[in-house]
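Okay, got some structures for you below.
Presented sequentially are two complexes of subunit A, the first with subunit B as partner and the second with subunit C.
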Partner chain A sequence: MEIQRDNRRFKEIVRGRIKENLRKYITHGEMIGRKGRDLVSIPVPQLDVPKFRFGKNGSGGVGQGDGKVGDPVGQPGDGDGGQGGAGSEPGSGHLLEVDVSLEELAEMLGDELELPRIQPKGSATIEAEKSKYNSIRQTGPESLRHRRRTYLRALRRQISTGNYEVDDPRVVPIRADHQYRSWNEVPLPQVNAVAIYLMDVSGSMTDEQKQIVRTEAFWIDAWLAKQYHGVERRYIIHDAVAKEVDEHTFYHTRESGGTRISSAYKEAAELIARDLPVDQWNIYCFQFSDGDNWGDDNRRAFELLAERILPAVNLFCYGQVESPYGSGDFLDAIEKEFGNHEAVVTSEIADRDGIYESIRTFLGKGR
Partner chain B sequence: MSATLGNLTPELAALQVEIEEYARGHGLDFFPTIFELIDADELNVIASRGGFPTRYPHWRFGMEYEQLSKSYSYGLSKIYEMVINNNPCYAYLMRSNDTIDQKLVMAHVYGHCDFFKNNACFAPTDRKMMDTMANHGTRVSRYIDEVGLEPVEQFIDACLSLEELIDIHSPFIQRRERPDRYNFQDRDRDDAARTGSPRYRSKDYMDSFINPRSAVGGLNDRDVEAAEADAPQQFPERPERDVLLFLLQHAPLSAWQADVLSIIRDEAYYFAPQAQTKIMNEGWASYWHSTIMIRQGLNASEVIHYCDHHSGTLASSPTQLNPYKLGIELFRDIESRWNRGAFGREYDDCDDHQTRREWDRQAGLGRDKIFEVRKIHNDLTFIDEFLTLDFVREQRLFQFGYNTDAETYEIESREFPKVKRQLLEMLTNRGRPIIEVTDGNYKNRGELYLCHQFSGVEVKLDEAADTLENLHKLWKRPVHLQTIVDGETAVLSFDGSSHEAQRGDPIDVADDSEDHA
Partner chain C sequence: MSLSAQLRSELAQLVGQTNQTVRVVDGQRSVRCEADRVEPLAVTALVLVLETPELANVTLFEIQAASADLCRRVNYLLEPIAPIETDSQGCSVQMRSNPPQQDDNGRRYYELHLSRGGSVELCRYEKQPGQPRTRVPAVLTHEVTCRLVDDFVATVEGL
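Up next, the complex of A and B:
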């Protein structure tokens, strides 16, 4: 229908707007509301055609009801229907919530940052079975009965046996007419991807830094999920000791202890060895820290990294979030040690605006 | 003569006959009315196009649809009734509504149809708008095929930005001397001198077909200059409030652009009376649905349901005056006053509240009076004439405004003159600033100079700057808007690349607008 065409065009324009402002959305992750598994809703400024209108100083009106002079009334426009007061049109604060699928958002991210497609490691050797309802059977549960086909079969039977009367077109299906939807198992090649997030939760990481990590992780997830049709996420936090946690704990834990990065590497290495056979998984490691580490721990950490993690992963990303407390030495150390390693990427995120470049650095390798 | 051409079920068709009979019995006079029974989604589709099933393609309708269908599916809003000013009138009934709702809607619709047919504001409107809109759609689609979607869309956006700059009174007033319909000589000579291409003799209404713009050619700069030599000092002679017409006649538009602009202008004129008579129109329709339903339409089992919906329709909120409510109450007030004879010199001079309340001369003129009112008034004159002190008190109307200190809206006054003044201001020129072309050859450089007739309220500057950009897309030379900012005359200008605002101290409006460009 024609309205679909207009609606499609409207959505194209909205997508255009989102793309234009993508940088803003990337740096301010909280603007994006998550809606179920696959959708996010994004506030877009109302796409109104500009007109000559009255401004704010004319925004008054006439109302009806009780109240003394000086009593506050709600915002004009709260009620539905009715006459808008002169100049009481909603101003720039009026936002349009647009639903966009994560996949589409990732697509835009890819276009905007010119990210290369990821070449999955290994071949798609693993096959998952998926049920598809694409066939018909004579038997089955009533809930799956295919009414149209059943009707057609009954009609055909009645016509062929001469029981169909044009003046009294009743069609009564009998047991043998019943048709049911049925499924087939379709083998689907599947490539698995997992993102392991490591974060320093020692006292020197503040909420602001965690918010940056969270925003960045959202976009990384979106991109990986698009490339691999879904991505599994694992979270490890550490101070002087490390443990695997769920997403909520990951972002909300705050410890006060010291920092021993090797503990996190050990935990990650164990996780990989235990759950993630290297030949079946594309493994991505993202470590966020303020760059503080106990001096003598670096050597042990790098040993673990080189021997047990790097051989297993597609990519190891180290993001250093600038913090008022951290020394930030770890970045130099890791660059010195692994600067030439093809699987290691590092970036420094000074503030929210740094997220954009950091994502580009991390995902720009196309691994 | 009953119009059962729609796709109504037999039950609803019977209802329509019944309600139509009641409406006629009360003296309502309407075009044949066709009810279409449609699903919620179709209703949203049609509503998003302003009530017309076929219009020109534009993303704005898609946006409207998105909002309507979303808000419907979340149960936040539901459209009860929609009726189109057309002959025959088209009205839509939502399939999922109860019978009682359908009855109520039908009665309401007949009120609107009567209003469309009889109110003076609607007299000049196109009564075949259903077809005209479809034709507009075809024309715009053809231009899209010819020159591509984006240019046409951008041009429509620019035109829509200016669509309210029409002269709502012009259908009723002869603003300029019409060129003698049968005297072609002057025009021939002018045209020949200007473009050199022949122009065929034609009557006024055929002119656009016999001498299409594309053949005669639009104006170019040289032509403008040539024409100016023997033009009067002022151009336009008098300030022109129909800015769209002025652009149509004088802006350097290509043939398709001129046609698109004329489409937007025609539709703006078609919709203008509905904005001018919102309170009266809804009040009149509500008056009649309640009269018909209460006197005849309802059976005992439906009363509660009816009351629920009727009161929902008339509910008012502190910050939003409900036109249904204000309209119906005013009509009832007028009816009661004229029934009692409570009007005229003697009544106006009476100062005693009690006497006025109990005033009853058994005049019995109420019904006739409201029929007369619905014929000759629009909202502005309606409020001006019939909003009385007693009415404002009784309805507990107040005037509110923005308190910058408290950052909230608060009740400013319950005084009758202030309330009335606020209402009248809101209704003047449909609540839009009055803007006219005062000079089409500003600085003798073909620049366009618009003037805002300041009435106490300033225009929104950032949006005005964006609108000037759109105006520039049509005029293609620098454009200016003279208005008042902070009590000083200010001229906002856009020359195609940058904004400028001149007044005592320069102010910066360009900042905001650059982002939107």
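Up next, the complex of A and C:
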């Protein structure tokens, strides 16, 4: 019990340190490369972990050797040793790698940014089978043996057969007493959510802009995953032409084509119409671009957005990431056109430091 | 008289004036320079554009080759120019300073467009920290302005 209390205390300290530095983690995205299936390994700075310090072997020790009452106790190795020199390498800063679950991270993010819980749209209409350990069987693997029930059954048997002695209350289960936990498949209503990421990969979007998008998408994913079980993610890239791609391609593609945002909206609208029935899915769109849309494409893009995307989504977020050439005009145009629409949220991300506020803006609506 | 020679002559006559649009024509080609201010040695130009119907039927491949040729020629501005985006639908190429000029006051860069239709256009943008991007006048000496016009013409002729 003592070690469990210490472990809990240690986790609280780690959690506190991560929360203190959360803004840095959000901004720099250094943990993203460390992402496992459900855990993220985070380097926590300046966390002093108690540890034993060993002396030199054979050099004596406190309380050893001849001596009389009142003699001062010497320290091992007294008199030896010289002046130490400064190290030439930079210190590690006591970095400690700590595994934190994505769910915990999302919770910290929610606390830090004071994000409201998402209210799912509509009711849960899809049912998924889930295994639930809610029954007992006579057979099963030993790892699932239900000890309390086994001993109760053994006790009942011993009492009924007269083998139980009150003065010597020993209960010895036999094979026939063994009880095992077992499961049943139960249908659970499931609320489905999908995040559709749209990114401009035209020539003016550099790797730095894509890294910003990647970092922001990581945190958005973490938050959505906490709110919904099994969030699905779909990725669309575009320059003048759009296509649906996998996650790796999404973050590592660079094209030299011009920017036609309408192509991405068309692809997203077709994806929704084809795969994501609106009454069964909570749909979230996150679009990132430097805002340099070509020609008169805004008009076509806004038609698609108004007619085919906005009626289907819980939230449509547009993040304008500043490129080396500054920010384009699309942000102003979309704000002018849809500034009062309840499902549309926009943010301007000047650099990595802008990610923090952008996430707060996107997820702060609680939709 | 060539377009550049005509433009030099027009600019010389407008020294000291502000908000002037200079237009010179040579056959099918014309050059328009929207000058914010004309000074004895230089002009601050909001836009310098060569318009010609010779670009009406070019293919995407040809216009990409022409933009690469233009970037090679125009190597005397404040920053090197490179193709950034190619619009296959509109058949045009956007070229920009690469990298843009950057200091504590923000970023500045040239932008050139070569479009089927057709035109070759140059302008300059500035993005100050925390401010929206704005088009600013490009300060070009008369000599550089005329050389740009010659290079625009050479690019079109090379198609």
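Here is the rule we go by: the second predicted complex is superposed on the first by the 263 of 367 C-alpha atoms of A that agree within 3 Å, B and C clash if a C-alpha of one lies under 4 Å from a C-alpha of the other, contacts with A are read in each partner's own complex, and residues count from 1 in each chain.
What we mean here is this: a residue touches a chain if its C-beta (ideal position, glycine included) is under 8 Å from a C-beta of that chain, and two chains touch if they have at least 3 such contacts.
Small disclaimer: the values here were computed from a predicted structure and weren't measured.
**Q** Which partner reaches more residues of subunit A, subunit B or subunit C?
**A** Partner touching more subunit A residues in the overlay: B.
**Q** Applying the touch criterion given at the start, work out whether A:295 contacts subunit B, subunit C, both or neither, answering first, second, both or neither.
**A** A:295 sits against subunit C, while subunit B stays out of touch.
**Q** Name the contact category of A:69: first (subunit B only), second (subunit C only), both, or neither.
**A** first
**Q** Kindly classify A:52 by the partners it touches after superposition: subunit B alone (first), subunit C alone (second), both, or neither?
**A** In the superposed model, A:52 contacts subunit B only, not subunit C.
**Q** Quick check on the superposed pair: does A:8 touch subunit B, subunit C, both, or neither? Answer first, second, both or neither.
**A** First partner only.
**Q** After lining up the shared chain so the two structures overlap, which partner does A:239 touch, if you call subunit B first and subunit C second: first, second, both or neither?
**A** In the superposition, A:239 touches subunit C alone.
**Q** Scan A:203 for contacts with subunit B and subunit C and give back first, second, both or neither.
**A** Only subunit C; A:203 stays clear of subunit B.
**Q** Which of the residues in subunit C come into contact with subunit A in the complex?
**A** 83-90, 92, 94, 96, 99-100, 102, 107, 109, 125, 127, 130, 132-133
**Q** Can you list the subunit A residues touching subunit B in their complex?
**A** 1-3, 5-13, 47, 49-87, 91-92, 96
**Q** Per the contact definition, I'd like the list of subunit B residues that touch subunit A in the complex.
**A** 45, 48-49, 54, 57-63, 65-67, 77, 149, 153, 157, 160-165, 278-279, 316-326, 395-403, 406, 408-414, 419, 422-423, 425-426, 431-433, 435, 452, 456-464, 466-467, 470, 481, 516
**Q** If we count contacts the way the header does, which residues on subunit A are in touch with subunit C in the complex?
**A** 202-204, 239-241, 256-260, 292, 294-295, 324-328, 332, 350
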